[in-house]
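Note that chain A is present in both complexes that follow, paired respectively with chain B and with chain C.
Now for the complex of A and B:
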């Protein structure tokens, strides 16, 4: 008799447990949602606030009236472009070449590429400082020289992304096939490898752009006015405009990162083995916020 | 006809031998990469590591390290350690709770995928924008504060703590919690439901399960997360500099201060010594983290 009542009792115990768990989950998600979304939403609220409590786009509209700000925005966009290109030119051929011809170097290249994760940007700046003093007096004091340092900064993220992309294709067979059909090494790279890892290349580029647009530490301490440095300057005089620009830059970066997730998940469906192609949170997780 | 099928012919043609080994120029392809990282990664690291032991006249000295016991550097070191500890422990606890809420849902569900993507983005989200986001929300002109104040809760009555160290603790949690979610999710995924069933069939309740089974298994991963979060906030600079610019409470700001000629003396050697102090602490913590990660990997 007792045996017959047991399942019903355990079922109700299970049911209470399940309910408790669901309550816990939704409370946690609600609190996390508030903590993470309110500050982001507040930037838009703050930057659209009028004097008399009405909503206005005045701050957003007056962005072009600040010449220092527009100069800084243009400089940061140029830096993003140069950094991405330089990173691709440096990294893609090297990684392919190491896979094909120098497999013994795989570990050391990986180690070097991930090294910047363990060196805080503020420490790197101390070493870069005398180098940029020399660069400034002997070569060029253009803000665009920052791209040299930024390539190092984006190296770990781009390495992981490209590594995942190259891992999903058979580099050796593809290049041997192309070579045996008479292709030059340039053709192999440009017309065989690159089209096959186009998603990884796109992801690496978008990541670089997002990172460069958000960079503050190096530019500030090498005394260059990039977007973020200028935002801090401007924030002291006109918080509304600088928060509007920060919100705009953030939106831009979010669109880029959503594009990565979108491309990444589409690719994952095609190649299940290339999981985690975004480079964010792949391999040894490491934060570099702050 | 006689040469057909002889592999020796195809492999040896046109290849010069040097002492029986093929002399290869393949390494040339890797030269641009190595030259670049030597100049822009190794050289600056070397400048810090070696430069810390030299004074302005390029003479060997340990003076730079002696200066580390200046009262304001000691204070910055202690304050940075405390902030890192608080945000690491709180970030790890909240991150673990959030990760548990994520992991108990559908493993292929939209919610989980969104939460993981968002964590990936938010863990990298720091600096000026983050400081602005908190100023715009809970700052003295933010809508949260205005709302609270109009309802009789003036949380800045005693001090404007957002622009002091307590504010830093709160703001850092914004990227620490998502980072913990990313680190802790794989460990939670490794917990098998069979272990819980085994505990229950042996007569154990939820407390027994957490105290004797899941807890001990997850603890190394949790501790590892704390260490990673500690290193993460210890080396943060942009966020604090955008938030607190009147004083320089954090060690990273002291490095910047010693580099900058605006604030008193320009002391590049001293900046390098503080940088080495930071590297030693951060690297030590990161190595411990790696050890703990390996320990976790043994079971989960």
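Now for the complex of A and C:
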């Protein structure tokens, strides 16, 4: 029945239902907002609290005055970048190749990638310690070597995200079409597969960045000073600066998330059938694996 | 029509195994320059495998692929200069139609302006120049397959491969696109291998039809010959409908229910056999109310197919299909008594157990 010919009573019932649904949506949205924003607000409140009760940005301004902190921030950002790149370089071609050429290995690759989920971070550290001891002595004791451990740490999350992205496209047909048109395997990956799973890649990158920025246990136990370790140290000396940096890290992750959601929604408007998963709603994982 | 630039394609004794299953069992096939050959067969007969070996998407366990005199057996797919249209929609979702068509040219390092110009020209060839800036999801299935055809042709390939490109489309679009493919193929003059399980499609579009079974080519010939002179009982069974009627072979003919029909292979030994009779070789002669005889029966169903109708007649111990012009079939509604006659077109025989049904 067309809406115009619907009886007034039916329309009224439908409108009431719609209103109830809208109210329910807003209530859920508000509760979720409060859940996320109250701690963030409390962090801002604390990090802008002056001695005499006035508001001040003193703690925020003094962040650069702590050289260890800025070094740790830079190291964590570098680690986030290296980990994300290494994860993508390792995982995307492997997953595509397994789908195309070795589908019988799918379960094994999945098992290996998800394995780190089941290993507590502290156990991982015990296993990694001798390797890092050797690395520190024979190769480099740079904090950037933590990227090896972090690639393992982010594997399960990124595997799942990329798996969903690849599942949304017909990898085999697209690859074969590209090959028949003269594309090398590199071109197939770079010009055909990657653009069509860009949302999944962005999400996997976001997860990697969030995990690395929030990682504490491995760095602390392997005696490296990353952002989270430095925040804990700083928290003992100057809690205000420590919270300001933590709030800044959260903001950074939120900005990343919004950027990815924006890119994702723009892509969805252009290619509604080729979307991967977007908007996982992942913030920085504070003290993850810890 | 432009001058043909097709090349000869030879598949020589191709073998492909998947574990213990032999998908291709020594397939040999030659396509003349500019010819369109349709490979027809049931699922799993090896027709798609043959096409994929020709495309270089799979490696052969034995045999050779020769295109234009060059042995390309060991060449990877991206070095073979072959255009292919797939069964599944295969347009790159992140590119608009002209970018899809220009992709192959991009891989050949053709400049942007030139490849856009050529892409638009080929889109015009398939009648989709107005859709140049549309993404795949903004086009119908038929339009997507036409863009895929344009994409395959844009690289000016030596060979065009069509892997059931119409199977995902509805009947009307399928028929229109089938004609479109043939028109473009003739216009471009490219050697084409068309794989399908739809016999009507194969018979309508191809210069020659190859019928495959169990990895082997059962028959290769012009559509009319494959249909009217099937080389094997399988071909007779698979291409078109066939009545399987019990009979007796005697001196190069088969006697079926009192009528004598010549054999395709008159050297067949005398004895009981199953004659494979086409429905169009069965006609209904007048009213059979008062008649008696082995070819008198009752109409049990009339299937309207447009210009022709198929009439199913129950002869008591078996049923027979007759294909008649619809105007003639309308004179014999279900329940009426009729007398059948069998046209003396040469038929194939089988020496199996009688199945006594139309297949």
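To be clear about the criterion, the second predicted complex is superposed on the first by the 217 of 290 C-alpha atoms of A that agree within 3 Å, B and C clash if a C-alpha of one lies under 4 Å from a C-alpha of the other, contacts with A are read in each partner's own complex, and residues count from 1 in each chain.
Following the convention adopted for this analysis, contacts are C-beta pairs under 8 Å (C-beta built on N, C-alpha and C of every residue); 3 or more make two chains touch, one makes a residue touch a chain.
As the structure is a prediction and not an experimental result, all values here were calculated from the model.
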| said: On the A-aligned overlay, A:34 touches which partner chain: chain B = first, chain C = second, or both, or neither? | reply: neither
| field | Touched chain A residues, chain B compared with chain C | value | B
| field | Which superposed partner A:152 touches (first chain B, second chain C, both, neither) | value | first
| query | Where does A:19 make contact in the superposed view: on chain B (first), on chain C (second), on both, or on neither? | reply | neither
| task | Return first, second, both or neither, reflecting whether A:179 touches chain B, chain C, both chains, or no partner chain. | result | second
| task | Scan A:57 for contacts with chain B and chain C and give back first, second, both or neither. | result | neither
| request: Have a look at where A:255 lands relative to chain B and chain C in the superposition and call it first, second, both or neither. | output: neither
| query | Between chain B (first) and chain C (second), which, if any, makes contact with A:125: first, second, both or neither? | reply | first
| query | Residue overlap on chain A between the chain B contact set and the chain C contact set? | reply | none
| chain B residues within the chain A interface of the complex | 26-27, 29-30, 32-33, 36-37, 40-41, 43-48, 51, 97-98, 100-101, 104-105, 111, 113, 116-130, 132-138, 141-144, 172-179, 182-183, 228-229, 232-233, 235-242, 245, 252, 255-256, 259-260, 268, 271-272, 275, 278-279, 282-283, 286, 290, 293
| field | Partner chain C, residues of chain A touching it in the complex | value | 169-170, 173-174, 176-184, 187, 191-192, 195-196, 270-274
| query | Inside the complex, what are the residues of chain A that reach chain B? | reply | 21, 24-25, 28-29, 32, 35-36, 38-43, 45-47, 90-91, 93-94, 97-98, 101-102, 105, 109, 112, 115-116, 118-131, 148-149, 151-152, 155, 211, 214, 216-217, 220-221, 228, 231-232, 235, 239, 242-243, 246, 249-250, 254, 257, 261, 265, 278, 280-281, 284-290
| task | Could you pull out which chain C residues touch chain A in their complex? | result | 55-57, 76-84, 86, 88-90, 92-94, 103-104, 106-108, 135-137, 148, 151-152, 155, 161
